[in-house]
Amino acid sequence: MVNLNVNIANLQLKNPVLTASGTFGYGEEFSDFIDLNRLGGFIVKGTTLNHREGNPYPRMAETPSGMLNAVGLQNKGVDYFIDNIYPRIKHLDTHVIVNVSGATIDDYVAVCEKLAPLDKINAIEVNISCPNVKQGGMAFGTTCSGAAEVTKAVRRAFPKTLIVKLSPNVTSIADIAKAVEAEGADSVSLINTLLGMAIDVERRRPYLSTVTGGLSGPAVRPVAVRMVWQTAHAVNIPVIGLGGIMNGRDALEFMMAGASAVEVGTANFIDPAITVKIIDEITEYCERHGISDINEIVGII
Amino acid sequence: MVNLNVNIANLQLKNPVLTASGTFGYGEEFSDFIDLNRLGGFIVKGTTLNHREGNPYPRMAETPSGMLNAVGLQNKGVDYFIDNIYPRIKHLDTHVIVNVSGATIDDYVAVCEKLAPLDKINAIEVNISCPNVKQGGMAFGTTCSGAAEVTKAVRRAFPKTLIVKLSPNVTSIADIAKAVEAEGADSVSLINTLLGMAIDVERRRPYLSTVTGGLSGPAVRPVAVRMVWQTAHAVNIPVIGLGGIMNGRDALEFMMAGASAVEVGTANFIDPAITVKIIDEITEYCERHGISDINEIVGII
Amino acid sequence: MKKFILDFEVVENRRLHDLYSLLILSPIGHDLPDIRPGQFVQVAVDNSKTTFLRRPISVNYVDKSDNMLWLLVRKAGDGTSALLQKSPGDTVNLVLPLGNYFKLPANCGKFLLAGGGVGVAPMLYWGKVLRENGFNPEFLLGARSAKDILELEEFEKIGPVHISTEDGSLGEKGLVTLNSALEQTWDMIYCCGPAPMMKAVANVAKKIGTECEVSLENMMACGLGACLCCVENTVKGNVCVCTEGPIFNTRELTW
Amino acid sequence: MKKFILDFEVVENRRLHDLYSLLILSPIGHDLPDIRPGQFVQVAVDNSKTTFLRRPISVNYVDKSDNMLWLLVRKAGDGTSALLQKSPGDTVNLVLPLGNYFKLPANCGKFLLAGGGVGVAPMLYWGKVLRENGFNPEFLLGARSAKDILELEEFEKIGPVHISTEDGSLGEKGLVTLNSALEQTWDMIYCCGPAPMMKAVANVAKKIGTECEVSLENMMACGLGACLCCVENTVKGNVCVCTEGPIFNTRELTW
């Protein structure tokens, strides 16, 4: 019997497998394929203070071993989430973590204040790294002072587990992580998408309506693993790793690099049952290697 | 008849296809497969002042649509190049560009001074972005001041075409490009490899002896295209684009994003004849689209 | 409708043309789930180095009694090319059924099912279902040339077929929108094909005062309403084609 | 030796075992280039989503008269698994011939060709060439179990075969290094197999005062001496296994 329980500060997860925001809807989209209760938790779509229509179509381009997206935080706003979606998912026996985005510090704080009273929401992930909207936080996420400023404000507004999601589009992600740790973040998750671009040369125009978009998928995994490894050596708070995880091996790679938990993102688009397969593969690996507690291998590199 | 001539400052290329340093040896390794004289030019292996053994094996890991390397600038030093290799390749009817690396500014300058008198060497590419050696220049390449300092020094030492190769492991590559432009660089080439890492989870150790290494191949192309586009809009000197070019379409993508020429790298490992195929595919595209001069499509995005 | 991830065996790969194959698939160790006309499947491509995502493909035909699913695949890029290489006995993994579907009309009437190129695919199954429910659908098929008119004999088994080819090699010469069938009155026109063709048919429908439903094929990643990539701008704002579509009444669109 | 990039047709895929296939290939529209024993080829893998680079594979056998090249492929990961899926008529692209090669001895004498697992591959062609040149090579084949002793009947056509299996199911029980053949005196031992096996054989050779040549299989990208990834630390410093090897006299190595 392998112990897969991991802790992200006060948040106890039954296993280290979470889903990445924006790749798993509100969980319900996947309930035909998997038992959501098996997950360590799932992180719902980026939520903003007000309804957002997102960017115009086209929003997606396939790239080698990856994809670009430029959704632009389309969502119905935090009030709609609380009134219409939260009641449908609050009964689940798994953690529901809300990803929070904003254009201003006040926006972030307002969303956090609305989420804080919800019993089922024991953690939020604050997105300071969305590359797809002018005011999607990436401006905050690419400087230590900007990242610290957001963290400080939401820390006051949200007393439960606060995860800050970091941008990889920086010279030193470890420095950004240290800045948010200093302002009281309980955990950092990384990496958000790498800013990328693709051009349809036959039509001589960009594939995305926004020209640039966020690159995800296994293409970025080596960069993500490196950043997790650097960050885990730089901070004392738990790190959540993501970026191109397609199977149990990939999840274990992030954990060995220093991640206490992982988020599965783009892989959900290709295999909607991948999350539970990854949990099974992690278990099988631990059994095969005589590992009784998954925490033994966290950060062994 | 399509005109494929492009200029990189004073350097006139018969076509925009160059090879990336460290992926094409000294050209000779590929002469069984292609007529080297068809190339716009080729950029030889990174050359340092003194002989370097490079990093210990293992130096390579395959990743999704890409590879990590950690060669660590293995080369026999600039004097060996001048005495033994240069005489063998100086007769070629194509540009031979030397990639220059160094641990200190003095090293860079010393190498440039030795190369400057060589008639066949009309351009150098100064590598301020090697991620695989502690003093491989990436420290210079990740700050505007460091990049400017190297550029200023080599500019004085090398009067012919000076290309500076930029690191993508930065928050704003356009700012670095502006800094080297201000110090007199004739061109910038980008991107060097993204710093990455991969772990052999069965053996619980990194695949590379150096833990981290440089990621190349089509996996990184969307990031490279985006950085070329950003840089081409920020500077007035010509930009040379590279990062995962596998075919003519990919080369055209970089040119539409703003590159006046391209370097083909990792693709040489998979198809040693790919460079001439890319030249042919660019020609075919131009004919099919009624483009009489390749320069017409440079930077049309 | 419950969705499944199922492995299918390729029973037949019928090459209709350089560019098109009819893949006849049967689920391995499983009954074919309920699938409605107009729905689509997401096909995993395991034999292409350059294909990362699944490929959304319209359901062409469903034969519950034989447990067979037909997919009409057009070679559009590396992913669909790899699907065209599949041989009998090979396995392909599908997520299905996805999207909304054509709804049976409340009253009898005259229904035209128009398809352009590979867009004829959903019309075969929809025609069959209409026919089984006592309706008498007619088809309007358009393509560049006679050889691009796909599955003609199958359509003819179900109802009258009007044809337009751009080169006049079969049926009327010219675009589908000029076909004389569109001079008749219809109670509903259903249309699937390239966007310019659907927009043109929608325009004709509007002129002749007929309702029109179209099947959109926006680029998509997940097909499940999670990634929000395949949105269409509608009168209700951006909605996912994969869940609120692919079938839209043109009144809902901002065309 | 001039190198080529050539398409080959798969003439036969002979499954020797769950893990091994013998691929018999013939160049399409081209004569087989000159290939020496011990050289290798770089095989493009076009049917695996997760394989990016070519795979270096030892030349197992060359039949110039039939224009056939044999490659013994062991399923080690996704790339080699995909090669094991190749069917007769399929095409594979090779870059060849690559690397240095075994040199014919100057004098006659006793030569032992030792192979472990898939490492037997180059020894078949090398044995054949030795034999054709008037030498009388003997073979030492080692594997886990009888079923892992590959191509035995081919080796027996060329010379005496000594066998070790770890489970004793064929030949002597135990590791190759304990095989009684190594108690004889030899003028040269040639060895290819897993690194621990080659190191052990090299040690035995040193003890019995015999020269030993080994074939290394360091991870490589290009196979052409361009990427500098496959280096082995030798008495001359780091050298590329793909150009200065794969064959090394163990005196050159820092083992």
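By letter and in written order, the chains are A, B, C and D; residue numbering begins at 1 in each of them.
The rule is short, and it goes like this: a residue touches a chain if its C-beta (ideal position, glycine included) is under 8 Å from a C-beta of that chain, and two chains touch if they have at least 3 such contacts.
Remember, it's a predicted structure, so these values are computed and weren't measured experimentally.
A.B. asks: Following contacts chain by chain, what is the lowest number of steps it takes to reach chain D starting at chain B?
C.D. replies: 1
A.B. asks: Taking CA centroids for every chain, report which one is farthest away from chain A.
C.D. replies: D
A.B. asks: Would you mind pulling out the distance in Å between where the CA atoms of chain A average out and where those of chain D do?
C.D. replies: So the centre of chain A lies 47 Å away from the centre of chain D.
A.B. asks: Just the number, please: Cα centre separation of chain C and chain D in whole Å.
C.D. replies: About 53 Å, centre to centre.
A.B. asks: List the centre-to-centre spacing of chain A and chain C in whole Å, with centres computed as mean CA coordinates.
C.D. replies: So the centroids are 36 Å from each other.
A.B. asks: Any chance you could list the residues of chain B touching two or more other chains?
C.D. replies: Those would be 63-66, 217.
A.B. asks: Hunt down the residues of chain D that sit against at least two other chains at once, touch-wise.
C.D. replies: Answer for chain D, listing residues that touch two or more other chains: 51-52.
A.B. asks: Inside the complex, what are the residues of chain D that reach chain C?
C.D. replies: 45-49, 51-52
A.B. asks: Which residues of chain C touch chain A in the complex?
C.D. replies: Its residues touching chain A are 2-5, 44, 50-54, 95, 218-233, 237-238.
A.B. asks: Write out the stretch or stretches of chain A touching chain C in their complex.
C.D. replies: Contacts found on chain A: 22-25, 29-30, 32-33, 45, 53-54, 56-67, 69, 71, 74, 217, 266, 268-273.
A.B. asks: What residues of chain A sit close enough to touch chain B in their complex?
C.D. replies: Per the stated touch rule, the residues are 63-66, 68, 142-143, 169-171, 194-199, 201, 204-206, 211-212, 215, 217-223, 225-226, 229, 244, 249, 252-253, 256-257, 285, 297, 300-301.
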